[in-house]
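Following this message is one structure expressed as structure tokens.
Should a chain be cited, it is by its letter among A, B, C and D, assigned in written order, with residues numbered from 1 in that chain.
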Amino acid sequence: MFNLSLQELLQHLINGLTLGAIYALIALGYTMVYGILKFINFAHGEILMVGTFISLAVYNVLCSTATSGMMIIVFFIISIIIAMISSGLLGVVIEKIAYKPLRNASRLAPLLSAIGVSIILTNLAQIIFGTKDQRFAYPYNNDPFNLFGISITPTHILTIIVSLFLMVILKFFIDKTKLGKAMRATSENKRIAALMGINVDFIVSLTFAIGSSLAAVAGILYALDYKAKSTMGLLIGLKAFIAAVIGGIGNITGAMLGGLLLGLLETIGFRLFEILVVSIYSIFGKSITGIPLGLKHMVAFSMLILILLIKPSGILGKNVREKV
Amino acid sequence: MLNLLIIVLIYICLFCILSLSLNLIAGYTGLLSLCHASFMSIGAYTTAIIMTKFNADFLLVLLLSGILASFFGIIIGLPTLRLKGDYLAIATLGFGEIVVNIIINWESLTRGARGIHDIPTAKIFNYRLMPKDAGILSKVIYFLLILIFLVLTYAFISKIIKSRFGRALEAIREDEIAAVSMGINITKYKVFSFAIGAFFAGIAGSLFSIYFLSISPGNFTFNISIMILCIVVLGGMGNNFASILGALIVVPAYYIPQLLNIPFIPPQFNQIIFGLILVLMMIFRPQGLLGRKKPDFERIIKRKSFFIRSR
Amino acid sequence: MKRLSVFFLIIIAIILFSCGEKTINIGFIGPLTGDAANYGKLMTQAIKIAVEEKNEAGGIDGIKIKFIPMDSEGKSDKANLAIEKLASVDKVWGIVGAVFSGTSLSIAPKCETAKIVMISPSATHKALTSKGKFIFRNVLSDELQAIVFAKYVFNEMGLRRIAVLHIKNDYSQGLAEDFKKVFENEGGVITIVESAVQDDNDFKTQLTKIKQTDSEALFIPNYISEIAQILEQAKQLDINLKMLSADGFTNPEIFKLAGNLANGIVFSGPPNEKTGVNNLKEEFENKYFKKWGEKPDSFSLNSYDGAKILIDAVEKAYYDLNEKDRSKLKINRDIIQKYVANTKGYKGVSGNISFLDNGDALKNVGISISENKDYKQLGVYKIENNNLVKVE
Amino acid sequence: MTLIYTKKLRKEFGGVVALDDVDLCIEKGSITGLIGPNGAGKTTLFNNITGLDKPTSGMVFFNEKNITGVSPYKITRCGIARTFQNIRLFKEMTVLENIMIGRHFKSSHISFSNNRSLNALIGFFNIKKEENDIYRTSKKWLSFFNLDNFHDELAKNLPYGRQKELEIARALATDPEILFLDEPAAGLNPKETDELMKLITKINELGITIFLIEHDMKLIMNISQKVIVLNYGKKIAEGTPNKIQNDPVVIEAYLGKEE
């Protein structure tokens, strides 16, 4: 009745971890921006998309001259770096143009402005890069290897390693360096941070740059497995945002946790939920083969509503009381 | 040519109803809702399902659609209204996605992603509405119908805004804590605001579905919610007249480039301009074209005599 | 206020200016922006070729044919506006479109009352052609394609246990359901039916489930972007099932997207029928490639044929007129409809086309396999007396 | 007669004790002052009585009715009104509208049910009469505070002192039995403070009990009949102004222990 073997379970686990690692990387950008500016950078997903396309373009141009497998890997790394830099710049430019003038406006204004930016970027990308899916060829041999009936690809491993590596570096940067301290101070209170001699504008720009370049990496890792597309940013962006909320927005560790959790919930969690529904049906003597897996997008949004109701500050977030 | 004009007018009226109802929620009560298209879809699907199964009198179905949408407004309202600001926005966005997902996957009722395409033409007291007839008269009649509902919506919302009820909503927008210590039951008022807003959105959805006679989940995407929000923001939040002005600008701006079909410009251009409008509005005039207060008609009439003689 | 009125004046001026010269107008409605923009683009390019060919040959009695593509974004509100504009401003004699079933169904009543012949190159929803006599479809209905393919898979390929993974849109779901019905009737077993929503690109959960079943093959009746994802992810999960697909697979872009993984897939689609020495399909594909730098998909072939049939019908109706009416271009719309409906055995690039009484296209179905980044036809089939018959 | 009394009112914020078993009582018709150093828990006490915070334990009685943990809007409807430390006006609304909000729950002509908002909806056609009543009463309060000239002004455009008055007027519009004032004199100059003092007495003469937090000792000692002192969430003293001024415990709390 259950049709759930251990292999399948572990396979879902691997799939979920990979997806979760990507969510976590993107969630970092949201959480950093929210921490400092207290608004949702709706265009974050689109920055990710642009970064991916830039990297893809550079990679394709370079690879046409490649002669050996080693060169391709080098070119891949170069294209990642270029994409990180350029999308970091893009993030900063967007912040300067579309968000900075709104820093003292009502809370709705920057959100709407961000939605506008997101529309502009999506459509510009459609004009420049076309509307089709584009393949990001693996720079290495991506044949899966079998481990006790579970198949793992090099991309899975790469995704998890790169994400963890970047997250650890970021955590170190925020916790231990001077700039990181300035960032934390700014997120606590912008005015007082400015009084303490912190260049708030610079810190905000830096936040956008870091968040955006992490998003570019996430986009590239995602595109390796799922192809690049001009509309790829919206849904994955939203889900990453939800991951950030689940973990506790404004909290770096929370974003990582939330991302991984959401990735696992969407795969393994949803599969278990399906089995639960099927067995409940079978108790009442009805037999169904399963529930439509398209419903898995509901997982993220239901989680969002649930977490906001139970613990609005997220798993790791601090409770902030409004002073009366 | 006249045909086109009437259709654009019909769309404008439709979006006016939607933006007025969102304005009640977002503009007056200060709750940013990103699931307005979902309320619309609930109304539209209710109409479509009842019409295909029973072919009842349209006015009855319309009312039922509104009530069901309003019921969903309450369902979303009760748990999420304790949230504030951006969080509420995202939660409503999530609710919208959930509604779309359910519509797509509940195939026995909604026919899933394929949509309902054989909605019978609506009849009101045995008069059949055929807005897609080649003749212009049937379009004009449909237009008048939707105009009546627009006027009713406007009248109803303006009336409650001017009352105690509306003042309570505005107080909630301004300061929830102060409002509650003035004896206002804010949860109840927020839910009511959502319920009324959703009711009219449901009405708009119902009118939508008897106009197009075919609906699918793709008609009620997030983009539509955003467009409605843009209308409200462009005109000015918390101002009914501004919502209508916003619709008068945004809706033609949305459809006219499509109609013009300028060949050498990539079609994405429309959307880019739309995005630009949003960003530029926010930077240079975030309070909207009109701001919160109604235009002082008397003064305008004294100065220039071109404006509507309202009141 | 002033600026606004200037804006509107300019718009009106442009509209007036655009209808200067006397032309015979043909419309197209489909997504030129948004997620599905690529389909609309490929189709309009095909129709442009058809129109240019006619115009280079002198048009209809010297009158040029004008092609007016309208963007629908795949949404019924925009499609509705588009058809109104085509009907009242451009006064088109017929349209090719709309691309999706939803939009097609939405504009069909208007086409019917305004007597505009509508030939959809890609809307496969069953109900479409029952909307009126002006509504045609130059694409295999889901049903016909599924019947032929399911019978082929069961009888010719000898497969008995098949898993299905479809997307929740009208094209994919329709094919999957009809395929399941026919295949089970034949005596086969559908081991599992999995679905995903549109715009989804993570199918690993579904594929992991499919992997656990003991299926012989996987049927993926989707558009290429999803097929490419599925192939890629199936490989990552080490799934080595035989892959089956449908006419959505005929877009050659798939070889760019999925590379070698796209090889060895058996699918149904428009037939590549030889007519004498000329191979129309190949010729058209080469011409298309030369002009636009990319290859057409099967829906573009359908669009090209649809446009050709439409233009021919308008031309015939035109020559039916007397001299006076010709100069005033008073073509009878009912007669255009009659000529289109009478199309029998038209030798098009998408196969031989005949329209049934209800407006559906009767075509043979080609079964092909992808090899070395190209398609190789295995045979052309049709249904006779509920049996699969190979057409020689 | 006692209007409000609390029994062992306690509030903890995650381990930090903000109110430590406070017992107090306020006589009807009196002016009672609440003082204490910064962070003593004065505003927390206000919040716990008016329902904005839920006490961890203990009880609050108003007119012999237990109002512990009741929703704040219901408490307001019982007859407790308050102002806030940092002004919380409805900034984008006019002065008149601000006061009309205060009349919100007082006005309902036809009663289809106990549900007031439903009444407001159903009583759609009765709005005019109801509005007129609200308008008249609100006008009355405007004149009481000499705010007539400002009635169409947006609240945010008023001078600071006027905003403070408006907040009090808004609270009074709810026809309370008791008015809680949270630092009404903060930010006012001595002349304005004097006027405020007169105003508070005038309000008290209308029969409204007053309970106020204040740092301005002159004001508190001049007008209150009783003063309560809080320190670290504990009530350390209670009594007439004279007694408090000479209480060594209070002096110690403010000035520290003399070595």
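General remarks:
The working rule: contacts are C-beta pairs under 8 Å (C-beta built on N, C-alpha and C of every residue); 3 or more make two chains touch, one makes a residue touch a chain.
For clarity, every value in this text was computed on a predicted model and none was experimentally measured.
Fewest steps needed to get from chain C to chain D, stepping only to touching chains, is 2. When chain centres are taken as C-alpha averages, the shortest distance to the whole-protein C-alpha average belongs to B. Separating the CA-averaged centres of chain B and chain C is a span of 34 Å.
Remark: chain A and chain B have CA centroids separated by 32 Å (rounded to whole angstrom).
Put simply, the C-alpha centre of chain B and that of chain D have 41 angstrom between them. For the pair chain A and chain D, the distance between mean C-alpha positions equals 48 Å. Counting only residues that touch two or more partner chains, chain B has 101, 104-105, 177, 268, 271. Contact of a single residue of chain C with at least two other chains is seen at positions 33, 37, 168, 197. Within chain A, contacts with two or more other chains are made by residues 123, 126, 292, 294, 297, 324.
The residues of chain B lying in touch with chain D in their complex are 159-160, 162-165, 167-168, 170-171, 173-175, 177-186, 188-189, 192, 238, 292. Of all the residues in chain C, the ones that touch chain B in their complex are 4, 11, 14-15, 32-33, 37, 68-71, 74-78, 80-82, 84-85, 87-89, 101-102, 105-106, 109-110, 113-115, 125, 127, 168-170, 173-174, 197-198.
Contacts from chain D toward chain B in the complex involve residues 50, 52, 71-73, 76-77, 81-82, 84, 88-93, 97, 100-102, 104-105, 107, 116-117, 120-121, 124, 127, 130-131, 134, 170-171, 174. Residue ranges of chain A in contact with chain C, taken from their complex: 3, 5, 7-8, 11-12, 15, 19, 123, 126, 130-135, 137, 142, 144, 146, 151, 153, 155-156, 225-227, 229, 231-232, 235, 266-267, 270-271, 289-290, 292-294, 296-297. Within the complex, the chain C residues that touch chain A are 33-38, 41, 168, 192-197, 199-202, 204-206, 208-209, 211-212, 224-225, 228-229, 232-233, 235-238, 253, 256-259.
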